[in-house]
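Presented below are the structures under discussion, each in the form of structure tokens.
Shared between the two complexes below is subunit A, which pairs with subunit B and subunit C, respectively.
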Partner chain A sequence: MIKIQNARKWYAEEVKIGPLNIEIPKAGITSLIGPNGAGKSTTLLMIGRLLHMDEGQITVANMDVSTTKSNDLAKVLTILRQENHFVTRLTVRQLVGFGRFPYSKGRLTREDEKIISKYIDFFELTELEHRFLDELSGGQRQRAYVAMVLCQETEYVLLDEPLNNLDIARAVQMMEHLRRAAEEFGRTIVVVLHDINFAAKYSDRICAMKHGQIAAFGSVREIMKPELLSDIFETKIEIIEGPYGPIAIY
Partner chain B sequence: MPMNVTPEVESISQPQFSEQNPEQQSNKKQKIWTIPFIIAVIIVIGLGIVSLFTGVYDIWNQEDGLDMFFITRIPRTVALMLTGAAMAMTGLITHLVTQNKMVEPTTIGTTEWAGLGLVFVYLLIPSPSLVTRMTGAILFSFVGTMIFFFFLRNVKLRSSLIVPIIGIMLGSVISAFSTFMTLYFRMSQSVENWFIGSFAPIQVGRYEYLWVIVIVTIIIFLYANRLTLAGLGEDVATTLGVNYNRLILLANALIAVAVGIVAAVVGNVPFLGLIVPNIVSMIRGDDLRTNLPWTCVMGMGTITFCDILARVVNMPFEMPVSTILGTLGAIVFILILLRQRKSRRLR
Partner chain C sequence: MSTLESQPTAHGGIDASLRNSRSTSAFRSGRDARRYWMILSICLGVGILATVGLIFYNNPVPVDSPSFMPVVKRRLVAVVAMFIAALCHSFATVTFQSVTGNRIITPSLLGYESLYSFIQTSIMFVFGASALVNFSGIGAFFIQVGLMITLSLILFGWLLSGKYGNLHLMLLIGIIIGTGLNSVSGFMRRMLAPSEFDLLQSRLIGSVTNADSEYFPFVIPLVLLTVLCLFLMSNRLNVLSLGRDVATTFGVRYQANIIFILILVAVLMATTTSLLGPLTFFGFLVAMLSYQAAPTFDHRYIFPMAFAIGYGVLTTAYFLLYHVFGSQTVVGVIIELFGGLAFLIVILRKRSL
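And now, the complex of A and B:
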């Protein structure tokens, strides 16, 4: 369980995030949605201890993210930021192998190599495993990054806009992979998404944010309501019933 | 982008093989003594031998030829090798920690700070010993490199050109200050030679501290994996449970020690840290553990070659090796720039 108590972050007098209070249960996919500047990424980064919070406490699996040793947290929690531009020229396999760092400190064991191969195969990167990252397309590269964080085999996986810059086919493929990772490997995935319909189709829970506050948190059906979404996005949004559940029209 | 597949990478590119035999694969990946590497080592040893027998003094026919051989030729060649390895490796580490391939210790101001350290030592102590000079150079290099990193973390514009520009600016300011100090205190004679790195004055008793570089090299090898992580940036390093700040501190200390020693013993050795790691990275990618031996050997080879050239070009006079390195470095720098722009256009 991810438990956030009174977490706050002040960027400036006008830009304040929090106080946030939320308990994200174990297993499944939880999506964070909301307009730009609502504090979705800030929240995710604070959980992932990449951003220092000004006040409050966040615990992941009963470990306080601000006091627990970084290496211990690295076995429980992983986070992938939105933009990953590496100057370092690594092959896909080398990159994914870094996911094993918290366990083997870079000296990969036979067991590690098996786990690396497992995630490379899972993300359909087998053919590309010895290609350099700068020789891949955007979608392939994104898959390699997500394969790296999953290779860390942590219970909790945080992803900041993993669908950014992906076309529809790649985005669907990515969400299918995440769905399978949540089900087959029992991971708890928290993901920031911009597209409400992706959130509705693939997540178990949705957390909607606005003006640095949590506006609503619940199951997909509880959140996918026209008044609620119209209010959060300040745009007229209607909900119709599609073949796979509710669909937002805007 | 041209594909440069080394034979060892080729042989493990079959997926079925890698799945069935993960251990064998990992052994292969870690393998350093490949045939191209052995050839490279042989070439460098050859260059070393050429360096031993290049010079104006006729060591075959003069009576004290053998003595001269041990007093100047061997020290000079050893110094070349150690300096080459040191500058190439610190260049590589600088690339990783700044996440920028256009910088190296002489373009982020480290060398200029080492120079300032030397000036201060000369100023405070009348005739300083080599150890005192070295300590001054190392301390100032460390402070200077830290200042550069502090700048870098607070300047959000991390475009690949801004970083070296900041470094070169910082370096120029420091070097201007050093020049002012030397002129003001009328000590230009003892310091001005320093800015032109040359291996000509190297002889027994003047170069032995360069051996400390071997220790630095061992530490770099031990921390190779962590330093590669530094190249992926603070966020990824933190996510993988590494203390990024401590890592940067360690990297800076290693850079400062190596550059400080080289600065005190040899002088300014520009561009080596830029040329060598970039060439190695273009061909082999950036896995630090397997690249380090290559970087060392290429560094040794490049500087030895340049020094032999410096001795031969204008015989019986000798050019400072930094002049040749500077010329070569500028060409490679431009090539890297053009190549970067081309790949961006293709995307």
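And now, the complex of A and C:
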């Protein structure tokens, strides 16, 4: 369980995130949605201890993210940011192999190699594993980054806009992979999404944010309501019933 | 996707064996690894050849003469100085570029060399030429090293450990301090008498002839220990070079590690600058060449290559200086000539940095 208590980050007098109070249950996919600047990424980064919070407490699996040893947290929690740029040239396999660092400290065992292969195969990167990242398409590269954090085999996986810059096919493929990862490997995945319909189709819970506050948190059906969404996005949004559940029209 | 997948070998010869064994190697292919070892042996070979040449070639006294060994010993001092310079500059620059995530900067940006020239110039300016000549020996050496390390400790401690700790802000402040010190020393130098200026200038250009073997018993263990420490941290450096966020995600304590590593860099830069004087572009060129020769992320392979290239370049440059060009040119000029040419060739071939 991810438990956020009174967490706040004040960027400036007008830009305040929090205080946030929320409990994200274990297992499944939880989507963070909301307009730009609502504090979705800030919340995710604070959970992932990449951003220092000004006040409050966040615990992941009963570990306080500000006080627990970083290496212990790295075995429970992982986070992938939106932009990843490395100064060195890495092959897909080397990149995914870095995910084993919390365990092996860089000395990969045979067991590690097996796990690396497993996630490379899972993300259909087998043929590309010795390609350098700059030789891949955007979708392939994004899959490699997600493979890297999943290879860390943590119970909690936080992803900041993993569908950014992906076309519809790649985005669907990515969400299918995440869905399978949540189910087959029993991961708890928290993901920042911009597309409400992707959130509705693939997640178990949706957390909607607005103006640095949590506006609503609940199951897909509880959040996919026209008044609620219209209010959050300040746009007229209608909900119709599609073959796979509610669909937002805007 | 299928069109890309159908031609994997076209992208740089991936070995079939490597593909089947499915293990993670520091090199993309066996071919890259073989190329690495070949270049490493060539550089070491050139370095050893130039070392032997520097020590024995054109010795003015015959081998059986009693003064043969003293000549060799005197030349050995210069070779040891080159060894230290190559170790310090290669390790410091590669490490610094990795932790800052930037491959076109050098640790000189933190202002060590400006501080060195500031210390030398202000001694000359305030106390006169005799004081500068007397400002040598172990005490003076360690005062200088200590001052430089203190400067960097203040810089790192102040700018890196705070809540708003920021590596780029630190670099910017380092550049400003360096430029400020340079202007002050430049001002003081203008007020010196020409003879004093000449004496000072010889100290301010990096040269192995500045090295004094009196320091070696302290400097060599210090440098070797620091370098060993960095080498043993290779795995951690590999992760740190992925940047703050990724390193934190993998459980590396970023801030603490960066400060520790930058202190090690400071020790290396301060030692070599105090021993030999500033060699601003040497480390930069060595690091750039070694990334070309060692196409891997793994510092365990980059470090030896950087050292081998650095040592090879230095010894060859000095050998050419002494025995081909008749010691009329400053070695810095030669290093910059060849380094600059290599830089241009690399950029023209890659068409990017």
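By definition in this document, the second predicted complex is superposed on the first by the 250 of 250 C-alpha atoms of A that agree within 3 Å, B and C clash if a C-alpha of one lies under 4 Å from a C-alpha of the other, contacts with A are read in each partner's own complex, and residues count from 1 in each chain.
Note that a contact is a pair of C-beta atoms (placed from the backbone, for glycine too) under 8 Å apart; a residue touches a chain by one contact, two chains touch by 3 or more.
No experiment lies behind these values; they were computed from the predicted model shown.
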{"item": "Clash or fit (per the criteria above) of subunit B with subunit C on subunit A", "value": "clash"}
{"item": "First (subunit B), second (subunit C), both or neither touched by A:Gly106", "value": "both"}
{"item": "Touching partner for A:Arg89 - first (subunit B), second (subunit C), both, neither", "value": "both"}
{"item": "Touching partner for A:Arg180 - first (subunit B), second (subunit C), both, neither", "value": "neither"}
{"item": "Subunit B versus subunit C as contact partner of A:Asp134, first or second or both or neither", "value": "first"}
{"item": "First (subunit B), second (subunit C), both or neither touched by A:Val149", "value": "both"}
{"item": "First, second, both or neither for A:His52, with subunit B first and subunit C second", "value": "second"}
{"item": "First (subunit B), second (subunit C), both or neither touched by A:Arg221", "value": "neither"}
{"item": "Which superposed partner A:Lys26 touches (first subunit B, second subunit C, both, neither)", "value": "neither"}
{"item": "On subunit A, positions contacted by subunit B and by subunit C", "value": "48-50, 69-75, 78-81, 84, 86-91, 94, 98-99, 101-102, 105-108, 113, 117, 127, 129-130, 132, 135, 149, 152"}
{"item": "Residues of subunit A that touch subunit C when the two form their complex", "value": "48-50, 52, 69-75, 78-81, 84-91, 93-94, 97-99, 101-102, 105-108, 113, 116-117, 127-132, 135-137, 139-140, 149, 152"}
{"item": "Interface residues, subunit A side, partner subunit B - complex", "value": "48-50, 69-75, 78-81, 84, 86-91, 94, 98-99, 101-102, 105-108, 110, 113-114, 117, 121, 126-127, 129-130, 132, 134-135, 149, 152"}
{"item": "Contacting residues of subunit B [partner subunit A, same complex]", "value": "1, 3, 9, 12-13, 15, 18-19, 22-23, 25-26, 95-96, 99-101, 160, 224-226, 228-229, 231-233, 235-236, 238-243, 281, 285-287, 289, 343"}
{"item": "Interface residues, subunit C side, partner subunit A - complex", "value": "1, 4-5, 8, 11, 14, 18-19, 22-24, 26, 28-29, 97-98, 101-103, 163, 234-236, 238-239, 241-246, 248-253, 295-297"}
